[in-house]
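Chains here go by letter, A, B, C and D, matching the order in which they are written, and residues are numbered from 1 within each.
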Amino acid sequence: MLKFNTLRTAVAASLATLTLSAPVLASQDSIKVGVMLPFSGVYGALGDATRNGMKMALQENAAQLHGRKIEYIEIDTEARPERAPEIASSLLSNSEADFIIGPVHSGVAMGMLKVLRGKDTVMIVPNAGAGPVTGPLCSPNVFRTSFSSWQPSYPMGKVALDKGYKKVVTMSWNYGMGKESLDAFEESFTAGGGEVVKKILVPFPKTEFQAYLSEIASINPDAVFVFFAGGGAVKFVKDYDALGLKGKIPLLGSGFLTEGTLEAQGNSAEGILTTLHYADTLDNDLNNKFRASYKEQFGKSSDIYAVQGYDTGLMIASAVNELKGDISDQKALIKALETTTVNSPRGDFTFSAAHNPVQNIYLRTVENGENKVLEIASPALADPGRGCKL
Amino acid sequence: MDTSLFLVQLINGLQYGLLLFLIASGLTLVFGVMGILNLAHGSMYMVGAYLAWYFVEHTGSFALSAIISAVIALIIGVVVERTLIRQLYRRNHLDQVLLTIGMIFVFNALQSLLWGNDPLGVAVPAALSSAVPLTDVLEYPVYRIFVALLCIAIAVVMYFMINKTRLGMLIRAGESNREMVECLGIDIRQLYTIVFAIGVMLAAVAGVVAAPMSSIVPGMGEHILITCFVVVVIGGMGSIKGAFVAALLVGLVDTFASVLVPQMSSMMIYIVMAFILLIKPQGLFSS
Amino acid sequence: MLFNKRTERYFIWVFFPLALLMPLFLAENTFFVSKLTSVMIFALFVMSLDYLVGRCGLITLGHAMFYGLGGYLFWMIAPEYEAVNFWVYTFYICTIAAAVALVIGFLVLRTSGIYMIMITLAFAQMAFYFFSDSIEFGGNDGLFIYVKPETSIFGLSFFDLDNPIHFYYLCLLSLFNTLVFFRVLIRSRFGRVVDAINENPGRTTALGYNIFMYRLMSYVIASALGAYAGYLFTLQYGFVNPSMMAWTTSGSALVMSILGGMGSIYGAILGTFAYEGLHYLLEHLTEYWMLFMGILIIAMVMIFKNGIAGYMEKLLEKRI
Amino acid sequence: MNTQVSLDLDVMLETQGLCKYWGGLKALDNISLQFYDKQLHGIVGPNGAGKSTLLNMLCGHYKPTQGSILHKGAAIEAIKSYAFARRGIGRSFQKTNIYPGATCLENCCVAVQRRMGGNFNFLRSRYTQKVLDEIATEALEKVGLGHRRNEVASHISYGEQRQLEIAMVLATSPEVLLLDEPMAGMGHEESQLIIELLKKLRREYCIVLVEHDMDAVFELSDQLTVMVDGQHLTTGSVDRVRDDPRVKEAYLGQGDEVF
């Protein structure tokens, strides 16, 4: 018994010093890619898909890497912003990552930026749409392969006007991404003469929508524009249907409303109009190939997050290729990344001065459980990058 | 707010409150009888929802899945009580808080392992999928009415069980005096196992019935857990009646706050709770 | 003697010299320096909680409110671009946090036991949603803080907060001072009453003490120090977010405090380093770190309930 | 009926029409008593007679439903429970109520310190004030625990813990001692120690003694009150009470578990 106790104590005491023992020493040859994504909790699914997509791209394009191997350092951010600076600095100084990929959550993005702006690494955001990342807080070493929250929502204003909607209620969670999305919609919608009769901001992450929907029903606007994603999107669309608003008041949304959630939403999602920089059903060779091999490799359907991850991988591969595998010169690396044209499943895109994709935004509708592309709502749309001095 | 909207919101609030009661009743029952504060109660709600989804996918029948899920929840309850909770009766609340925080970690990890992190949904059973029109635009789904009635039914059953049956008598006795129950020749540990299992089952059943009208996502348990705490604390810990009144109160406050004071809506229930505790530090219906 | 337990003296003689020398070995590895810094900051926070829970018997699940408050207060009262004095703002923040704690403590300390756990949680949630839902305070995404205070006293500046090593030493100093402060507090006559209240509140009332005042005072002290920790955290990365106030922050701080050995004060340092170390190790080893963390917490409650300090004391202290 | 014997002594503590109801249950019904300085007032009665309830109200632990408590003529029933102790009303408990983890000396120091002040002194060590230690030691010696002063309270015998309990009350320098069954659960010899102690103390303080050990009460009391079912039965000198037929009846009715 005494022996056991001693052992336990010894283990316990040594725990205190564990933080000091540096982990795996990396080989010099490999390119180190730090991955800061949520692998648990509400955003876990998004983190998974992004990672899968990125790895797939780097695997497919291994030939472009000029013999350099990729070493991944993956850390679960748990979507907890307060941990972000710490993890980011771990990847930056401890792992000396050449690229840091992340995050999904905008709050985490802000925390990462705090540490990584202007540092000797390249941060590539594969999802978080927070405006400031490629706006006032933009930085030469920060790129985004996804979108700014302005981008997918802005074109919807025009779509709504074309449909003849004059009075619209907008609604989202009360956080940066949500508010930026609503503002972008409002910007184009009111510029064309539309009126936002009510703007509802639901505390994040509340999903009790019934009270708000009842209120919308009593206002009875021409249409409703919303931003929700993930579990909230599922709940919202189901409630919208269950309370009978569907079919009476058209539902418009930023595309995330119906991304990765269609199966869970079931019939309730049919007919929703959304705008986004991608759709599963985009009919081009790259996309078809991508979807097939993703399904084969991971046993489930790909989604937008996988595409964004994939493009991140493509972008790294192409930059490494252009530099013949030597990425030690940060200026050259950034130059190479800036000028890349990514041949993405979503269609080719380039980067704006603020390092945000200049890309097509598609108008989609849900049909038979799929996001079907109706048209290009806005070709090669660039985020205005307000406040960025690059 | 005009009258019809007011009435609609009233229904919304009551319906939300009733669901809250269903979840909170297990929490308050376990606390009242056993003095155990189960932070992992929300995880049981999550487990119920995931089980419902899993069995609906495999059997196609919602009713059947509900029954299977409830039985599994009972078994989980018995196992958890026997192996873990049993060690804690003589410990303070702090240890209970920690143990059950540990359980939250474990349940969340298991959920992620078993079912992944994608948001999932369960279709409303066909028999209950119609809706009742309320206003020109608004309808009220039959399933939600059904859930509200079910919650009331469960409340009534609990009321009778506690006040009229032998088990209920023991539960009431166990609340006030452990020794007395033991004097009656009852093994109090058996009683505790039963009560804990029922508590877990109630949470899981709440998860099951909520599944068709919500999204099944990781972490769904924690958010509801805190709201349930508010309910249980306002009602008076251990009081089923209190939980019922408090659940309706919280449901209504939350619903109306969402519409009337949107800026403060998520703070509102906590403000109400703090206010009530300042007047009645033991909650509305404490024993 | 201030540190009356042999175990504690050993610990102090091992930990602080090691911590003092650490940057010499790790100077080029800025990550470990800043990781250690943030662990020390959190240890300071856990220490204040440990005093409250372990020494005063006041179990709170809302202590993180003050951690977050420390950060937000700095953002609120500091001018946006002017340099401010670290010590002056430490004083401001601790004072304001203490005032807030005085009001909240006055309300929550009327309850006890499980109700106190709940009502502290309620206040913390209120604060969380207040900051999370308000656009002025950056909402859910949090805020950046661009000011780094300077640390001169009478024109002499010892620390340059932009330098991670300097900041490391500032935090180490703060941690040591806090430890000493709590030791002094516990040894004081005030501490005697606090101990008495913790051991037997009824008896202490019967002896004529107004135990409410002592509890309130302890609550205020612990909260002010909790806010100080949050202030340091905010300074480290210039970043503040409502998730600092989430109940999970309070929860993990409680776990660390227990792991270290509740009420031992120095155990807070042990517990925080052990927990953070384990967390770091597990999350680098496996994606399912949560599972192992959960099992470890359960195991800890079941078999390791006296914490690391408790077991070390069992080995090192003379039997009476 | 008031059977209070008039004595030429100062009334220290007085109750007037004191009642305590627990819901519908009358734990204490209309009790009016006077307790004199430097006298030992015994209170006896069968289980459930309300003796402990009375004591708990005299020390401020319970608030009376009706009636008042006068200390030196001032009504004190409404003041806070800790303020009773500050007025010099100290009590011991039926179940041992000490700080088991602290030394005997420390136990008494807590009691002494309340009066000595400096309780909100955060910096000065608790071990630096000699006077405090001396008074605490004095209290310990008074009850015969001087040799145990550095022992941890949970390590001393049960009888000694009961003595410590009294020492703690004495250390607060009270005027009134409310003793709730100080001899409960003690062996004969240990009880004898307490009896000797009380004999010493009863000319220094106003003592209210609730006790089941009848021989001890008869031996010690100057005044004796008998209570039954929350009601006051009689009060008087030991001899008078002992011969009172109603007392016999009351106790016979209860069987003979007490005598």
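One rule holds for everything that comes next: contacts are C-beta pairs under 8 Å (C-beta built on N, C-alpha and C of every residue); 3 or more make two chains touch, one makes a residue touch a chain.
Here is each chain with its UniProt name: B = Amino acid/amide ABC transporter membrane protein 1 (HAAT family); C = Amino acid/amide ABC transporter membrane protein 2 (HAAT family); D = Amino acid/amide ABC transporter ATP-binding protein 1 (HAAT family).
As the structure is a prediction and not an experimental result, all values here were calculated from the model.
Asker: Could you tell me which chain lies farthest from chain C when each chain's centre is the average position of its Cα atoms?
Answerer: Greatest centre separation from chain C goes to chain D.
Asker: Between chain pairs C-D and A-B, which one is joined by a greater number of C-beta pairs in contact?
Answerer: Counting C-beta pairs in contact, A-B comes out ahead.
Asker: Pick the chain whose C-alpha centre of mass, unweighted, sits closest to the average of all protein C-alpha coordinates shown.
Answerer: The most central chain here turns out to be C.
Asker: Determine the centre-to-centre distance between chain B and chain D, using the mean Cα coordinates as centres, and give it in whole Å.
Answerer: Spacing between the chain centres: roughly 49 Å.
Asker: Determine the centre-to-centre distance between chain C and chain D, using the mean Cα coordinates as centres, and give it in whole Å.
Answerer: Chain centres of chain C and chain D, defined by C-alpha means, are spaced 43 Å apart.
Asker: Measuring centre to centre with CA averages, how many angstrom lie between chain A and chain C?
Answerer: Chain centres of chain A and chain C, defined by C-alpha means, are spaced 35 Å apart.
Asker: Going by the contact rule already set, what residues in chain C reach two or more other chains?
Answerer: 129, 132-133, 290
Asker: Mind pulling the residue numbers of chain A that touch at least two other chains?
Answerer: Chain A, residues with two or more chain partners: 39-40, 203.
Asker: If you go through all the chains, which pairs of them touch?
Answerer: Pairs satisfying the touch definition: A-B, A-C, B-C, C-D.
Asker: What residues of chain A sit close enough to touch chain C in their complex?
Answerer: Touch list, chain A to chain C: 5-6, 8-9, 12-13, 15-20, 22-23, 39-40, 74-76, 80-82, 84-86, 89-90, 92-95, 106-107, 110-111, 114-115, 130, 137, 173-176, 179, 203-204.
Asker: Under the touch definition given earlier, write down the residues of chain C that touch chain B in their complex.
Answerer: Residue list for chain C touching chain B: 53, 59, 61, 107, 110-111, 113-115, 117-119, 121-123, 125-126, 129-130, 132-134, 247, 251, 254-255, 258, 262, 288, 290-291, 293-298, 300-302, 305.
Asker: Which positions of chain B touch chain A when the two form their complex?
Answerer: 2, 4-5, 8-9, 12-13, 15-16, 108-109, 112, 116-121, 123-124, 131, 133-141, 143-144, 213-220, 223, 254-256, 258-259, 262, 265-266
Asker: Help me check something: in the complex, which residues belonging to chain A touch chain B?
Answerer: That would be residues 39-45, 47-48, 200-203, 205-208, 210-215, 217-218, 220, 230-235, 238-239, 242-245, 248-249, 260-261, 263-267 of chain A.
Asker: Which residues of chain C touch chain A in their complex?
Answerer: Touching chain A: residues 22, 29-32, 34-36, 38-39, 129, 132-133, 135, 139-142, 144, 233, 236-239, 241, 243-244, 249, 270, 273-274, 276-278, 280-281, 283-284, 287, 289-290, 304, 308, 311-312, 314-315 of chain C.
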